[in-house]
Structures are given as C-alpha cells and as structure tokens.
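These notes open a run of structures that come right after.
In what comes next, chain A is part of two complexes: it sits with chain B in the first one and with chain C in the second one.
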Partner chain A sequence: MNLALAFDVLLAAALLWSAWRTLSTAQIDRAVVMFIVFGLLLTLAWARLAAPDIALAEAAIGAGLTGALLLDGLAALKRTDARRPARRTAGKVMVRIAVISVLGLLAGTLVTALISLPPAPIRLPAAVAGDLANSGVSHPVTAVLLNFRGYDTLLEVAVLLLALVGMLAVGLPPAHPGISRNSMLPTLARYALPLMVLAAVYLLWAGAHRPGGAFQAAAVLAAGGVLLNLSRLQAHWLPASRAPRLAIAGGFLLFLAIAAALLAHGGLLRYPPEQAGLLIVLIESGLTVSLAVNLAAFFLLRSTPENGQIPPATAPRESP
Partner chain B sequence: MPLLDLLSGSLLLCGAFFFFAGTIGLLRFPDVYTRLHALAKADNLGLGCILAGLALQADSMALALKLLAIWPLALIASAAVGYTIARRADRLGIVPWEKPKP
Partner chain C sequence: MSSGLLYAATGCVIFALGLGGVMLLDHLLRRILAFNLMGSGAFLVLVGLAQRDGTPDPVPQAMVLTGIVVAVAATALALTLARRWHALTGRDEIGAAGKQRGPDD
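What follows is the complex of A and B.
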C-alpha cells in the first residue's frame, strides 16, 4: 500500500515537473518532446485512477496523434525558419507576475468552491447502473457516451469536424518536401498496419462491454494513416480530394440521421431499448471511419505544391 | 508454487536491471548512436524479461499469451525506430563517437 502511494506521489510530481518543463523551456522542440512525455505520464495517471477508457484515449490521441502533429508542425516551422527568440524584459516580467497572480487567485477560488460544494443530490453511478440493462450495451462508459448523453458525443464529433473546416479555411500547409527514404519504415508499416486495423476493429467491438469504443478505434486507424504517410506508402490528401470528405461527413451524417429519425419517436437520441444495441453499433462503426479520417486529415491534408506535383506514393527505394 | 514465484521475481529483477542500465546509458553515453544502443537493450531485453516475469504470474493462459504478444511488437518497433534515428543522424553528418586517443 505504501509502495503504491510512493508511486502515485512520484507520478504526480513527474506530471507537474513535465508540465512545468513544457511551459518553461525556451527551446520549442524540447517543449514538444516534454509535452509528449506529459501525455504519457497522464496516461499512467488515468490508469492509476482506474479509468482505462480515458487512459486509452489519452495514449492514442493526447500523446500519440497530437505528438505527431506537433512534431510535424515543428518541422514546418523549421523549414520556414519563423522562430523568434523570446526576450525577457522588465515589462514582460511584470505582466507575467500579474497573469500568474490572477490565475492563482482563480485557481484558489475554484478549489474552495469545490471543497465547499454540497454532495450531489443524485447518485449518478447508481442511476447509470440502474438503467444499464435498457441501454443496449453492458459497458457503463459506452452507455453514457452513446445513449444517456448521446447528444454530447454528437456535438463532440461536430466540434472535430469544425476544427477541420477551420483548418481548410485558414489554408493548408504545404506537403513535406522529402523525408529521407528509408526501407525500414515501409517494412514496419506493412507489418504493423494489418495489426492496427485488427486492433481498431477489436476496440470498436469491445466498446459494448469493456473499455474501448469509436474514439479509441479511430485514433488507432488514424495513427495507421500517419504511419503510411510517413513511410511514403500513402500520398498526402489534396484539399479537393473527395473520398476523405465523404468519409468524414458520412459518419457524422449517419449519427445525425439516426438522431433526427428518433426525434419522431419521443426525443433526441432516445433509443427504443430493443434496438439500442444495434443502433449504437451502427453509430459507432460510422463514427470510427469518420473520426479516423478526420484525425488523419489534420496530418494528411496538405495544399497542392507550387509546382503542381503531388508527392509520389511509390514504393521507396534505398538511395545510395 | 514458490519456484514459480522465484523464477518470476528473478525475471522481473533482471528486466529492471536492463531498464536501469538503459536509463544510465541514455543519460551518460557520449553520442546518439551509443545512446540508441543503450535504449534498445532496455526495450528488447528489459521489456522481454518483465513481460515473461508477469506472464508467469498471470491468472489465465490467455492473459499470459497477451502479455507475451506485446514483446515481438515492441521488438519490431524498436528495431525500426532505432534504425531510422541512427540513419537520420548519419545523414545529418553526426560522426560516431570514438575514444579519445591518449
């Protein structure tokens, strides 16, 4: 017991340390690496808190995909060489002290409010457990995400879609010019990809009765797409490419259509208990594809290069 | 049963030793190539020993096999990533460290 406590204290200290290092370092590449370390430690923390669903999502999206995106952004920044060294002046230090004290005050107020909060009048875990039999699935997290609070998930997917629309509106970064051709990475991708698809299907299926679900499955699939792109087996998607757009919109529209159809039967996303399981599997399958393409699109959607040439997706050769 | 515990315990200790040595290597070795060498030892042998030690303590055969299935995946990933980093370092012109001549 004491050993577990020692581990938890160490983990909490390491979390704070890595968060501080991420913010305080002057070198942006170091900050990115420390952010990935922070994500991995956060995954451990969720696992220690017995929340495997969140731990899975954090590992796949928080540390994995976000890490890849940040590294990609870092490489783009280095190519344009837009980095400016930050200078510390007396005025900036004063601003910082002011910001830190205001935030500290806010945090203090929030903590006091949290401590003085009366106990919740409704026991949510008991309410979920009581209704689990009617939800169509046996894993309480999936029941909450897709049945009891399905509209939250619907809006979450819409937010991801909006983020992508925002990216398209702002303008896409150019495709990577040349990642050094390396015969090992495509081999790894070829071995890993079938296993990643298998893992994604398993996660999707497992979501009905144990930790897993559409978000985690989608993150694994998106990571597969990123791996394929890095190993040059998959070219970048151009902004006009239709297939990714259809895939992204399809899953969301399916969710929306089911929600709208159920509106006639009494309420938004209020499933009839006997069809709930089938509808949830249908929605989650659509969402997996849609979210996977959406997440991968943050990495793979690139503008057309100036010379009009699409980076080739040919099998790589080992250059001498 | 104590024999099984003894075997599992010594495998776990062995794995911990490799992770410890790998961490020291990462911190103390002079260049990227030697550090990769140290890390690959921790990834390959350290993880293998710890997974084998944990598999011996697993409640069911399925769980033990799942634990052992992690190992080849980590081996493949570690080999490919180690090669990729070393190759990139070589392309960037980083010269391998050599013992300074007296």
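What follows is the complex of A and C.
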C-alpha cells in the first residue's frame, strides 16, 4: 500500500515536471515532444485511477493523434521560430512575476479547497450500479456514455462535426511537402493495419461488458489512417471527396434518428430496456465509423494544390 | 491522502501551469500546448476528486472520455486557425507581436 502511494507521488511529480518542461523549454519541437511525454504519463495516471477506458483514449487520442497533429502543425509554423528576438523588458518581467504569483495563489487555493471539501451527498457509482441492469450493457462507463448521459455523447459528436466544418471554412492545410521516405514504415503499416482493424472491432464489441467502446475503437482506426498516410500508402483526402463526408455525417445522423424516434416514446434517448442493448450496439457501430473518419480527417483532409487556399509560406505560387 | 485526491491536487497545479502558459507565452503552438495542459488538469480534478474515497466512479470517467475527444477536435481547429494566420501574415503569434508592447498588457 505504501509502495503504491510512493508510485503515485513519483508519477504526480513526473506529470508536473513534464507539464513544466512543455511550457518552459526553449526549443518548440522539444516542447511538443514533452507534451507527448506528458500524455503518456497521464495514461499511467488514468490506469492508477482505475479508469482503463480513459487510459486507452488518452494513449490513442491525447498522446497519439494530438501529437501527430501538433508535429504536423509544427512543421508549418516552425520556420519563423528561430528569428524571434528575445525581448525582455523590465515591464514584461514585472507582468510575468505578477501573473505567476497570482497563479501560484490560485493553485494553492484550489488544492486547499479540494482537501477540505466535504464528501459528496450523492453516491453516483451506486446509482449507476443500481440501474445497470436496465441499461442494455454491463460495463458502467459505456452505460453512462450511451444510455444514462447519451445526450452528452450526441452533442460531442456534433462538436466534432462542427470542428471539422470550422476547419473546412478556415482553410485546410496543404498536402505534406515531403515526409522522409523510410522503407520500414510502409512494411510496418502493411503488417500493423489488419491488426489495428481487428483491435478496433474487438474494442467496439468489448465495450458492452468491459473497458472499450466506440471512442477507443474509432481512435485506433483513425491512428491506422494516419499511419497509412505517413507511410504514403494512402493519399490525403480532398475536401471535395464525398465518401469521407458521408461516413462522418452517417453516424451522427443515425444517432440523431434514433434519438428522434425515441422522443416519440417518452424521452430523449430513453431506451426501452429490452431493446437497449441492440440500440446501443447500433449507435456504437455507426459512431465508430463516423468518429474514426472524423478524427482521421483532422489529419488527412488537405486542400487541393490547385485551388491553393493556403499557399506554403516558403514558396509563393502566385507567379503569373 | 488517497491517490484520487493526490491526482486531483496535481490536476489543479497543472491547470494553473497551463493557464499561465496561455497568458504568458507568445508562440501560437505553445499556447495550444498550454491550453491542452489546462484541459488535462481539469480532467484529473474531475476524476480524482470523484474517486477520493477509492471507489471508481463511471460518471466522471465517461465525461472525461467525451472531453478528451472534444479536446482533440479543439486542438485540430486551433492548429488550422494558427496555420491560416501564419499563411496570411507570416507570423506565429497574435496580439501586439512585432510591435512594442503597450503599457496596458
């Protein structure tokens, strides 16, 4: 028991150290790498907090996909980083000291408040366990996600869709200029991808009764898409292509249709207990495809070189 | 101190660190990193605080799962905005960058 606590203290210190290094390190590429390290340490923390569902999602999305997106963005933004003169006027230093001391006070107050907080009057784990038999699944986290608080998940899928629409409106990044051609990577991708699809199907199916579910399955599939793109086996998606758009909208529309149909029978996403299991599997299958394509689209959706929404900063192409 | 409470307290400090980063750092990518740290700190508080007596609580766990997916969507959108800004202006920071900072900030 003492050993476990020692591990927790060590892990908490490592989390704080990597978060601090993410912000304080001078080179920006190191900052991104430190952030990925932070994500992986956080995965361990979720495992220690008995939250394997979050640990799976954090490893695949928080550290994996976010890391890929950040490294990709870094390649576009980094060029200007070197020429920045470090201006440190006396006024700036004063502001810095003031902000840091206020934030230190804030952190101290929050920690003190946490420690002195009275125990919660409502026992949510007991409430979930009491209703689990009617939810259609036997894994409590999936029951909360898809049944008890299904509207959260519905809105979350809408938020993802909205983010993608926002990206389309702002202007997508151009296709990758040149990723190092490593002959190992396509071979690895060819072997890994069938296993990733298998893992995704397993995670989707397992979600009903153990850690796993649509989110984790979608994250693994999206990571497969990114891997295919990086190994140049799969080209990027163009915004005009119809198939990814239909796949992304499909899962959300299916979820919405089921929610609307249930509205006629009483309440929003209030499943009849005997059909709940089937409806949840249906929604989760649609969501897996939809979320996977949506998450992969954050990385794979690229503007066409012809319409040139964003000309690369190094080589302006408006010569005529 | 239970491990739930320990991670919740760590989350508070990480949240404050991230908030400081958003306020003090200039580079857009660093601000996005700091914003993500704020989110991770909030997630740790949410789950850690609910589990300070040691029993796993599926409700905040499901909410954090949702939150992680929303956070990556926000990051993707923020990165696209940062790239667009960079393509239009050639700068990687917003606000009074390039000029001398005024006394009001």
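Throughout what follows, the second predicted complex is superposed on the first by the 276 of 320 C-alpha atoms of A that agree within 3 Å, B and C clash if a C-alpha of one lies under 4 Å from a C-alpha of the other, contacts with A are read in each partner's own complex, and residues count from 1 in each chain.
The rule is simple: a contact is a pair of C-beta atoms (placed from the backbone, for glycine too) under 8 Å apart; a residue touches a chain by one contact, two chains touch by 3 or more.
Keep in mind the model is a prediction, meaning the values are calculated, not measured.
S.K.: Scan A:A6 for contacts with chain B and chain C and give back first, second, both or neither.
M.R.: Touch status of A:A6: no partner.
S.K.: Of the partners chain B and chain C, which touch A:I97 in the superposed model: first, second, both, neither?
M.R.: neither
S.K.: For A:L278, is the partner it touches chain B (first), chain C (second), both, or none of the two (neither)?
M.R.: In the superposed model, A:L278 contacts neither chain B nor chain C.
S.K.: Just chain B (first), just chain C (second), both, or neither: which does A:L23 touch?
M.R.: Second partner only, chain C.
S.K.: State whether A:L195 touches chain B only (first), chain C only (second), both chains, or neither.
M.R.: Touch status of A:L195: first partner only.
S.K.: Between chain B (first) and chain C (second), which does A:A260 come into contact with in this model arrangement: first, second, both, or neither?
M.R.: In the superposition, A:A260 contacts neither chain B nor chain C.
S.K.: As a test of reading the superposition: which chain, chain B or chain C, is in touch with more residues of chain A?
M.R.: C
S.K.: Based on the superposed arrangement, let me know which partner A:N182 touches: chain B (first), chain C (second), both, or neither?
M.R.: first
S.K.: So which bits of chain A does chain B touch that chain C touches too?
M.R.: none
S.K.: Quick check: in the complex, which residue numbers of chain A touch chain B?
M.R.: 180, 182, 184-185, 187-188, 191-192, 195
S.K.: Would you mind writing out the residues of chain C in touch with chain A in their complex?
M.R.: Counting only chain C, the residues touching chain A are 1, 3-10, 12-21, 23-25, 27-30, 32-34, 36-37, 40-41, 43-45, 47-51, 53, 55-59, 61-66, 68-77, 79-84, 86-87, 90-92, 101, 103, 105.
S.K.: For the complex, which residues does chain A have touching chain C?
M.R.: 4-5, 8-9, 12, 15-16, 19-20, 22-23, 28, 31-32, 35, 38-39, 42, 45-46, 48-51, 53-54, 57-58, 61-62, 65-66, 69-70, 72-74, 76-77, 80-81, 89, 91-92, 95-96, 99-100, 103-104, 106-107, 110-111, 114-115, 117, 119-120, 124-125, 128, 140-141, 143-145, 148-149, 152-153, 156, 159-160, 162-164, 166-167, 170-173, 215, 291, 295, 298-299, 310-313
S.K.: Please output the residues of chain B touching chain A within their complex, sorted ascending.
M.R.: Residues 73, 76-77, 79-80, 83-84, 87-88, 91.
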